[in-house]
Structure formats: C-alpha cells, structure tokens
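Listed next: structures, encoded as structure tokens.
Next come two complexes built around subunit A: one with subunit B, the other with subunit C.
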Partner chain A sequence: MNAIILSAIWGVIMMFCGVFIKSKTTPKYIAIAGLISILSSSVFEYLNHKSFFKIQINDMLRFDNFNLAFIALILLCTLIYFLLNGAEIEKVGEHVGEYYALIFFILSGIAIAATFNTLLMLFIGIEIISIPLYILTGSDKRNLKSNEAALKYFLMGAFSTGIMLMGITFIYGGTPNATFYIDKIMLGTGQMPILISVGLLFIMVALSFKVSAAPFHFWTPDVYDGAPTVFTSFMSTIVKVAGFFAFIRLFEHAFGSMQDQWQKLITYITITTLLIGNITAVFQQSVKRMLAYSSIAQAGFMLLAVFALNDKAKEGMLLYTAAYSLATIGIFGVLTKMEDYTIDGFNGLAKAQPTMALTATIFLLSLTGVPLTAGFQSKFFMLMAAVENGHQFWIVIVAVLFAAISAYYYFRIIQAMYFKDANENTIITTTINKPFLYMLMLIALMIVIIGIYPEIIIGWMYR
Partner chain B sequence: MDIKAYIILSLVLFTIGIVGVLVRRNAIIIFMCVELMLNAVNLLLVAFSKMHAMSTAAKASANFASDAQIFVFFIMVVAAAEVSVGLAIIVMMYRNVHTVDVNFLNRLKN
Partner chain C sequence: MGNYITFPDLLTWLPILASIFCFTLGNEKNAKSIVVLFSILIFGVSIASLFFVNDTKYLNYNNVNYMWLKYLGANYFIGIDGLGRMLTLLTATAFPLILIGTSTTTYVKPARFYGLMMLTQAGLMGVFMALDALTFYFYWELALIPVYFLSSIWGGEKRIQATFKFFVYTFAGSLLMLIGIIYVYLHAGSRMFDDGTIVAHSFSMNAFYQVQLSVTEQNWLFALFFVAFAIKMPIFPFHTWQPNAYDQAPTPVTMVMSGIMVKMGLFAVLRWLIPLFPEATLHHKNLIIILSIIGVVYASCVAMMQDNIKKLVAYSSIAHIGLMCAAIFAMNEVSIQGVMIQMFNHGINIIGMWLVVDIIERKTGIKKISELSGIANTAPVLTILMLVIALANIALPLTNAFAGEFLMFSGLYNYNKWFAAVAGIGIIISAVYTLNMIQKVFYGSVNGVTAEIKDIQWNEKLVLFVIVGIIFFIGVYPQPLIDLTKEFVTQFFVRIK
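Showing the complex of A and B:
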C-alpha cells in the first residue's frame, strides 16, 4: 500500500518540479530522494506488514510476503536504474521532470498489478503501467522512429486491452458466483464452463501481448528499437517482469486448480517464444534490436514459471526479477554510451574502456546463464520448477537447448569487444565519468553475489 | 430478453472492431475500432450483471450485481485516458509526416 500511494504522490510532485524548477539536473536528485523514501517505506511495510495508510480497500488488493518482496525488489532495481541512467534521461528532451513523473506513475501501477485480488484491479494496474509507457516511448518527439514506435505500441496496446476486457467479461459471465474476486471465480477442479474457458483464452492472449510472448511479440522489436534507449531499458526489464508477476498471480489464484486444462497452451506459447526469440536474435546486426529479441527469449524462460506455478517457480521469479533486470539495465547502460549500435560498434572496446568492457562481459554472461552469475541461478530455479511440476518433462530439454543457442549471440558481442581491432566508429564521444563506472561495477558485483548466494533473494519469500 | 441476444450483439460489435483494427490503414479509424471493442465489452458487462442479478444463486454475496456496472465506469475512464494519450501521439505523428496512414510506419523494419 505504501508503494502505491507514495509513488503516485511523488509522481505529482515530480510534475510540479517540471513546472517550477528550470534546472535540468535537479529533478534527478529529487527523484532519487523520493525513490529512496518509497523504497524504505515499502521495506518497512514488508517487515511489519503494516501500512502508513489506513484505507478501506474491500480486499481488492492483497499483500503478502511474496508480492511485498517483489515490490521492494522492483523499487531497488528502479533506484539502480535512476542512478545509472540519470544523465541519459536528461538528454532525451526538455521535460526531464515529466519523464520521472511518468516512471513514478508506472511504479504505482506495478505495485497494483503485483497485489491485485480482483480482475478490476488487474485491469487498472495494467493500464496504469501501459499508458505512461506510450508517452515515454514517443518522448523523442522530433525523431520519426520514436513517433512510429509510440503509435505502433499504442495501437497494439489498446487492442490487447480490448481483448483482455472481453476475457474478463466472459469470466464474469461464466462464474456462478457473479464476482471479480480472483479466488472466488472457480471453486473446485471440475471442467471449466465454456464462458470461463473462452475468457481464460482471451486473457492469456492479452497478457502474452503485454509480456511480449510469441506469437504475440511482433510489436516488441520495433517498439524497443524506436524508443529512446534509456526508456527501452526501463520497459524491457522492470515493466516486463511486472507483467509476468501479474500473469503468475492471476493464473495461480484464479485458475490454479484447473492447471491441467490450460497447461498445454502455455507449453506451446513457451516453446514458440523460446524458438522465435533465440533464432531471430542470431541474425540481428543492431545490438539494440538483438537485445529486444533476447528479451523475448528471456520471456520464454519466465513463462516456465507460469507453466510450473509451484514454490520453486515463485523463488525463480524473484531471482529472475533481480538477475534479468540488473543485467539488462547494465548492458543498456553500456549501450547508451556507444556511438554505433551495431555489433561492429563494440569492436575493440576492451582496449579503449577496459572497465566498461569487463562489466558488459559479466552482464552478457549472466544473460546467457553461465555459472557463478545470477542468470545461471535464475534459469536453474526455473528449470527445477518445471521438473518438479512433473508434466511435459521435454519442455526442460527444449529450454536448455535454446539457452545454449543464446550463447551464440551474446558471445558475439564479447568477441567483438576483446578480439577485434577498433575502427573509427568505436570512439566514444561522450565522456564516461567515474560514478557511471562505479555504478556498473556495483551492478556486476551484485550479479556475482546473487550468483553465489541466491538465498539473499529467495529468503525474502520466507520470513 | 434472452442473454444470448446480448452476447451475439456484443460479439458482432467486438468482431467488427477486431476486423477493423486488422484491415483498416488509417490510424484514426483503427483507433475508433478499438473504442468499438471497448464499448462491446461495456454492453456485455451490463447484460451479464443483469443476468446475475436475476438468478437466485448469486444473491449470497453482498454486492452481487453492481460490481460489473461499476467496472463499466472504470472502463470508460481508462478509455478516456487512452484517447487523450493516443490522439496526442497521432497528432505528433501527423506534424512530422503529414499523414495518419499506418503504411507509413515502416522505417523500423530494416
């Protein structure tokens, strides 16, 4: 509750900052101060299970250890994102305060989407996440690619919202209890009524749109490519993970008892996502576009949690939140400093910027899932969840094979950095300042520490 | 009246919306089709609410029928927010390329 209300309030404060403060650097400090206070208040809520606000919410939101830990983790990742990318956000345009305001509103939406207990709150949460993102995507107003990405994202997003609402309506019509509360929709394990199964299908399609799972991924590469790189970094990590969290929460509480009836569909979606994400990423020349496809491939792994829906899957989801967000924020942070976004642009980076190249290598290794990094632990937990689930064991083998394929395109960047000579394009015109490098090293250190002691994150679930 | 009639009517509206989104090339028309989809949902929600209110089984819960009608208001509010953002994006697009044809959106392909 603290996170929802405080981040909405702080969003409004940031909007006023945009009006009254002329300096371009001040909003960053106000945003960081606000985020620290929101983070500490939500950690307080996690520890004491007590909110600062007494609000009659009619059980529409439900707070437990798992989703409070998730909110705290998301806020921590956002704090790291702000600290790393503060200077880049200032470069996007004139209205720095507003960008921060929109990010705070998104955080409020994420907190709703992570704690919802009725389909109404699911809808509201997803929309509060989506609408500011349309604006952030198009925030580079003079750039045609940014415009195009915003329009495409908006039309696709509104379309999928319509589909999700139709699904919610069907579920409401089909449930005998006439309720939107997700734990009262279906009682028992029998055959689903036809209206509920149609509604389930619609919601599954709409949520797959939001988390960019194949075959509903086609907007993703274009939007991620066109949006300003800093905001691509935000929406491909924190927002996407929040979408998965809502996905898992809905399917666990509302349809968990009928898992055998929809698990096959999730299996097909997972396999297609892994296939399309990994295979298409191999052929990309632009690193930004390759990371867009890699985020589709990682979404395939996160879908394993929806597939399994057991305790291991939840642990894996928390780990994946940390591992995937940190590594992708880091690699996008490096990418924003590059002049040339093609893989050749990384040639010889190790000689010019040894620290940046080393940390980028750690991020890429973590995304691949090499042992001793957080990425390995998170993938391991996901696979273990799928094995423990017991059905369709072959999905694990397929997932491991695709993880091996992903090594090819991640290692191509490492190879370019270390084993190729620099060309003129590699020269970085923007000066790299010391705090940026320290932040990169901090993220790399966190990835390695989580890789060795995953209990640091998992323990948050059980307290 | 039978609930089937409402279901069929709103499914027809919804399908017109989906086909419009997939077939039409004008951004504004696509946008109108999305709104049509949302309104089909609103109609069906109200119909289902009435259906549940008339059945006896649902009377156990306290506010058994009004939930869906309140949901409709939320959909209207969110749709209005979406319109404001969406039209702003379309206007921004129009200022730069002087067209609202989505066939123009092919710069990102290569």
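Showing the complex of A and C:
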C-alpha cells in the first residue's frame, strides 16, 4: 500500500517540480530522495505488514511476503536505474521533472499490478503502467523514430487493452457467482466453461502482448529501438518483469487449478518466443535492437515460470527480476555512453575504457547465464521449476539449446570489446565520470553476489 | 570440520590467490615468476596429499564441506578420493611443466595471461574434487570461461571463430547436463545439515548415487549427461571443434586443453555418468564403444594425412582419448585401471609433444611438416627428447603409455575381441604418422629455415628432461600409479553393482 500511494504522490510532486524548478539537475535529486523514502517505507511494510495508510480497499488488493518483496526489489532496481542514468535522463529533453513523474506513476501501477486481487485492479494496474510508457517512448519529440514508436506502441497497446477488457468481461460473465475477485472464480478441475476459456485466452493474449511474448511481440523491436535509450532500459527491464509478475499472479490464483488445460498453450508461446527472440537477435547489427530481441528471448525464459507455477517458479521470478533487470540496466547504461550503436562500435572498448568493458562483460555473461552470475541462478531456478512441474519435459531441453544460441549474440559484443582493435567509431565523445563507473561496478558486484549466493534474494519470500 | 587447512582448500585457493596477485599487483614483470612459484607450491601440496590417503584418520584433511545454498540442499563440498587424487596430481604436475616450458615466450599483458591461467587451474582442480553436483557444475564452467578468454585474446589468426565454436559446443553440452542434474536432484533424497535443518532434496554425490530411476529415465538422463562429456573429451562425432581450437590457442592453453581439460570428460564419466545410470550404461555401452573406435580409426587416418604439425598432434589426441573412452565402457577392472593410469600418462606425453611443436614453430615460424627437414642436425638434444616422447605417444614398451594401453587393450579384448582388433589398427596408424612426422621434420638434410635454428634453452631442456624422466620411470615401474588408483577401481565396481 505504501508504495502505491507514495509513488502516486511523489509523481505529482515531480510534476510540480517541472513547473517551479528551472534547474535541470535538481529534479534528479528530488526523485532519488523520493525513491529512497518510498523504498524504505515499502521495506518497512514488508517487515511489519503494516501500511501507513488505512484505506478501505474491500480486499481488492492483497499483500503478502512475495509481492511485497517483489515491490521492494523493483524499487531497488529503479533506484539503481536512477543513480546510473540520472545524467542521461536530463539529456532527453526539456521536461526532466515530468519524465520522473511518469516513472513514479509507472511504479505506482506496478505496485497495483503486483498486488491485485480482482481483475479490475489488474486492469487498472496494467493501464497505469502502459499510458505513461507511451509518453516516455515518444519523449524525444524531434526524433521521427521516437514518434513513430510511440504511435505504434499506443495503437497496438490500446488494441491489446481492449482484448484484455473483453477477456475480463467474459470471465465475469462466465463465473457462477459473477465476480471479479480472482480467488473466488473457483472453477474446480473439470472442463472449463466456454466463456471462461474464451476469457482466459483473451487475457493470455493481452498479457503476452504486454510482456512481448511471441507471436505478440511485433511492437517490441521498433518501440525499444525508437524510444530514447534510457527509457528503453526502463521499459525492457522493470516494466517487463512487472508484467510477468502480474501474469504469474493471475494464472496462479485464478486459473491455477486448471493448469493442465492451458499449459499446452503456454508451452507453444514459450517455444515461439524463445525461437523468434534468439534467432532474430543473432542477425542484428545494432546493439540496441539486439537487446530488444534478447529481451524477447529472456521473456521466453520467464514464461517458464508461468508454465510451471510452483514455488521454484516464484523464486525464479524474484531472481529473474533482480538478475535480468540489473544486467540489462547495466548494459543499457554502457550503451548510452556509446557514440555508435552497432556492434562494431564496441570494437576495442577494453583498451579505451577497461572498467566499462569489464562490467559490460559481467552483464553479458549474466544475460547468457554463465555460472557465478545472477543470470545463471535465475535460469537455473526457472529450469528447476519447469522440470519439477513434470509435464512436457522437452520444453527445458529446447530452452537450454536456445540459451546456448543466446551466447552467440551476447558474446559478439564481448568479442568486439576485447578481441578486436578500435576503429574511429569507438571514440566515446561523452566523458565518463567516476560515479558512473562506480555504479557499474556496484551493479556488477551485486550480480556476482547473487550469482554465488542467491538466497539473499530468495530468502525474502520466506521470513 | 573446518578446523584444519585441508588439501582441497589449498589446491583450489592457491591458484585463485595466485591469479588475484597477478590481477591486482598489476606487475607485468613479476607475474611469470609468481605463477611459476605458486604452481610449484601447488605441486608440492599435491604430492603431500598423496601421503594422506583416503583413510578415516585423514578424513578431515581430505574433505571440505561448507554450507552454501542451504535452501536447495547444496553444499560447497569438495574432497579428494582415489579418482580425484590422480587427476589433481596430473593438474598439479602439468602446470609447472607448462609454465616453465613456455616461459621464454612473452605475451602482451603477461599479468592477465598468467592470472587467467591460474584461474583455469583452480577450475580444473575444483572439477576433479567436487563431491556435490552443483559445486561440480560451477567448477566445470569456471574452467571454461578463462580458457575462452585466453584463447581468444592471445591465440592465432582465426582464434575468435575457433574459440567461439569451442565455447558454444561446451556451453550447450553443459546446459544439457544441468537439466540432467536438476532432474536427478528432484529425485534425490532429503539432506540434513549440521545445524539440523532438513531440506527436501540434495545435490550431494552420495545422495545422487542412491537415486533410483527407471530405465527409461536413465536412458534420457544418460543422453543428457553424455553429450556434455562427449563434447568435452571429445569423441566422434562431437570432436569438430577440437582441431581448430587446439591449432589457434596459444601453446600453454593448448597444453592445458589437451593435457588436462579433455580428462574432465573422462573423469566425469567415471565420477557421475556410470555410477548414476548403471543400467543405461549397460544399454548404451556398445554404441559408445563403437563411436569411440570409429573416432580412433578416423582421427588416426586424418592425422596421417595432415601437413599441419599442430593438427597432427590434435588428431592424435582425439585418437588416444577415443581409446580411453572405449576402455571405460568396456567396464572391467583391467580396462578401467588402464584408463586411470593412462589419463595421467597421456597428459604428460601430450604436453611434451605440444612443447616440442611449439619450440619448432617458435624457432622456424613454420607449422607445415613438408617445409621442415633435418632439425636433428642443428638441434640434436631436442631431437632425442622428442623421439622419446614420440615413442611414448605410440606406446612402445618401457614407456609410460605402454602400461596404460596394455591394460586398456587387454580389458577391451576381454570384453570383445573385434573391438580390440579394430582399435589396434588405430595404434598401428599412430606409429605410422608419428614416425613419419619425426622422419620428415627431424631427419634428412637441412633446408634454408632449419639450418639457422639453435638447440633448446635451459628451461625447455629441463621440462623435456622431466617429462622424459616420467616417461621412463612409469614405463619401467608403473606400480605407484596403479597403487594410487586400485582402491578407487575396486570401489567403483562395488558401487555400480
């Protein structure tokens, strides 16, 4: 509760900052201060299960260890994102305060989407996440690509929202007691009523769209490529894992008992996502576009959690939240400093910027899933969840083969940085300041620590 | 436990310490001497560990068990047993030889080079000592990553493609193995920790050994594990990464890969594959022996046709490994005993071969056999030493490889005469190509390039003499090696029955 309300309030404060404060750098500090207080208040809520606010919510939101931990983790990642990218956000345009405001609104939406107990709240949460994102995507106003991306995202997003609402309506109509509460849908294990199965299909499609699972991924590369790189970093990490969290929550609580009836569908979506994400990423020349496809590929791995829906899957989701967000935020942070976004642009970076290259290597190894990094642990838990689930054993074999393919495109960057000589494109015009490097090192360190000892993340679930 | 400084601790932490020294001190000049000193120290530790055999009295010196992922039932559990002792000894012996033997070559950024080398050693040691499946998997990968960087940064012209192929092959293999590990883990019994917590499943080796699986499950899992190990060894048809990777990697790394890393595959078959899935092993063993023997003959034939001296050695290595793999799956005490000592011998001999090849390439800049001739006239010491190593490579009596190959062949013969007969062709061909190479490269009249070269330096001489010494010593008196591993071989058969 704290996170929802305080983020919304802080979003409004940030909007006023945009009006009253003319300095371009001040909003960053206000945002960081706000985020720290929201983070500490939600940690407080996690520890004491008590909110500062007493609001009659009619059980429409539920708070437990798992989703409170998730919210705290998301806020932590956002804090790191702010600290790393503060300077870059200022470069996007004039209205710095408003960008922060939009991000705070998104955080509020994420907190709703992570704690919903009715389908309405799910819808509201997802919408609060989506609408500010459309604006952030188009925030580079003079860039045609950014405009195109925003329009495309908005149109397709609106369409998927419609489908989702339709699905919710079907489910409302199909349940015996006409309810929005996900734990009262109570379907038993028999054959699904036709209204429910249509509704479930629609919701599955809409959520797959939001998390960019194939075959509903077509917006992803264009939008991620067109949006300003700092915001791509935010939407491909924090927003995406939040979508997954909502996905898992809904399917566990509402449709968990009928898993055998929809699991095949998820299997096909997972395989398609892994296939399209990984294979297409191999052929990309632009690192930014490659990372867009890689995020589709990683979504395929996260779908294994929806596929499995057991304790290991939830733990894996928490780990994925931390591992994938940290590594991707880090690699996007490095990317924002590059003059040339093609893979050749990374040539010889190891000589010019050894620290940046080393940390980028750790991020890429983590995304590949090499042991001793957080990425390995998250993939490991996902695989474990899928094996423990016991159905369709072959899906894990397909998943790891694609993970091996993913090594190809992640390692192309490592090869460019370390084994190739610099060309004129490698020159970084932006000066790299010390705090930025320290942040990169901090993220890399966190990745390694989680990689060695994942219980510091998983432990949050069991207290 | 934990009150002692144990051998497993020393053997893994000393190399890591050395690499930390190399990376942090940033002292480019001293890096070489630091790692040579450390590697000799590690060798000493390994020798000392031989005197503390696996007796309950010395249990605390040979095992390290830290709480790691309590929630999963995974401990950081490493220890030395009969099988591991042999291979840690090989690793500890090989590294000083490699580092001293190639110490005249200078690399750019030596501190990083040697730091990564020592990290590789730590990874290898960990693989050979891991008694917990997750620990094993971690070290298995840890050994791979530094080698990837070593070959890609310091290797030859086509290094990036060759090394990457190697990386993707082994990475894919190990991920398949990971699925297998997860599957077995989810069927393993519960584990109790020292502080009384009980978790549902366990990654420990003993728990893995006790898992009961149906034959269908075993067959699946056997395939998952075996692909990983077969790629690492490599046996036919998973070997295609190997010749290029050996050719392109810098020589010390090639030595590590062919001398020690390939043993990871053989080791893992003995440690994990066969004890975990005994029924599936019985089911598949003929297929694997046939594949291995095809590999032996095929690789020997390819080696015969090679003009590139490095690829010749690489293919010769595939042939030898294939024979060892066949001997493992012949599954009798004699053949396994043979494999155990041959793992050590092959490691030593192949390092000698690579060293000589490297010396020739360094002095002449030529890798082609057809362009070399008459080195014996200008470098007699090198020639004599190489001749001994080459004879060991074809397993002549009185050399170390004879003892191993004799045991392996008699084991294979006991299992099936025809297999032994076909594999024997490989040995004959190995004599053909090895002696042919010796004849063309070392004898005959000198040509323009070879007339100029000088004989070998002290460090190369030292290392080659040590290798030749080992070859003769074990060739004449292989008993110490057999004693070292006899206990393991007996236990191995008790376990799978």
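The rule is simple: the second predicted complex is superposed on the first by the 462 of 463 C-alpha atoms of A that agree within 3 Å, B and C clash if a C-alpha of one lies under 4 Å from a C-alpha of the other, contacts with A are read in each partner's own complex, and residues count from 1 in each chain.
By definition in this document, contacts are C-beta pairs under 8 Å (C-beta built on N, C-alpha and C of every residue); 3 or more make two chains touch, one makes a residue touch a chain.
Being a predicted model, the structure only gives us computed values, none of them experimental.
In the three-chain model built by superposing on subunit A, subunit B and subunit C fit together without any clash. Ranking subunit B and subunit C by residues of subunit A touched puts B first.
Our angle of interest has its tip at the CA centre of subunit A and reaches the CA centres of subunit B and subunit C; in the overlay it is 140°, to the nearest 10. When both complexes are overlaid on chain A, the residue A:Leu383 reaches subunit C alone and has no touch with subunit B.
In the overlay built on the shared chain, the residue A:Glu455 is in contact with subunit C alone; subunit B does not reach it.
Within the superposed three-chain model, A:Gly173 lies in touch with subunit B and out of touch with subunit C [touch as defined at top].
In the superposition on chain A, A:Ile397 makes contact with subunit C only, not with subunit B. In the superposed model, A:Ala158 makes contact with subunit B only, not with subunit C. In this overlay, which is a superposition and not a single complex, subunit B and subunit C have their closest Cα atoms 27 Å apart.
Residues of subunit A that touch subunit C in their complex: 365, 368-372, 380, 383-384, 387-388, 393, 396-397, 400-401, 403-404, 407-408, 411, 415, 418-419, 453-455, 458-459, 462. Interface residues of subunit B facing subunit A in the complex, by the touch rule stated above, are 7, 14, 17-18, 21, 27, 30-31, 34, 37-38, 40-41, 44-45, 48, 51-52, 55, 57-58, 60-61, 64-65, 67-68, 70-71, 74-75, 78, 81-82, 85-86, 88-90, 92-93, 96-97, 102, 104-105, 107-109. Remark: subunit A residues 120, 123-124, 127, 131, 134-135, 138, 141-142, 144-145, 147-152, 154-155, 158-159, 161-163, 165-166, 168-169, 172-173, 176-180, 221-222, 225-226 touch subunit B in the complex.
By the touch criterion stated above, subunit C contacts subunit A in their complex at residues 68-71, 137-138, 141-142, 145, 149, 152-153, 159-160, 164, 167-168, 171-172, 175-176, 178-179, 182-183, 185-186, 220, 224.
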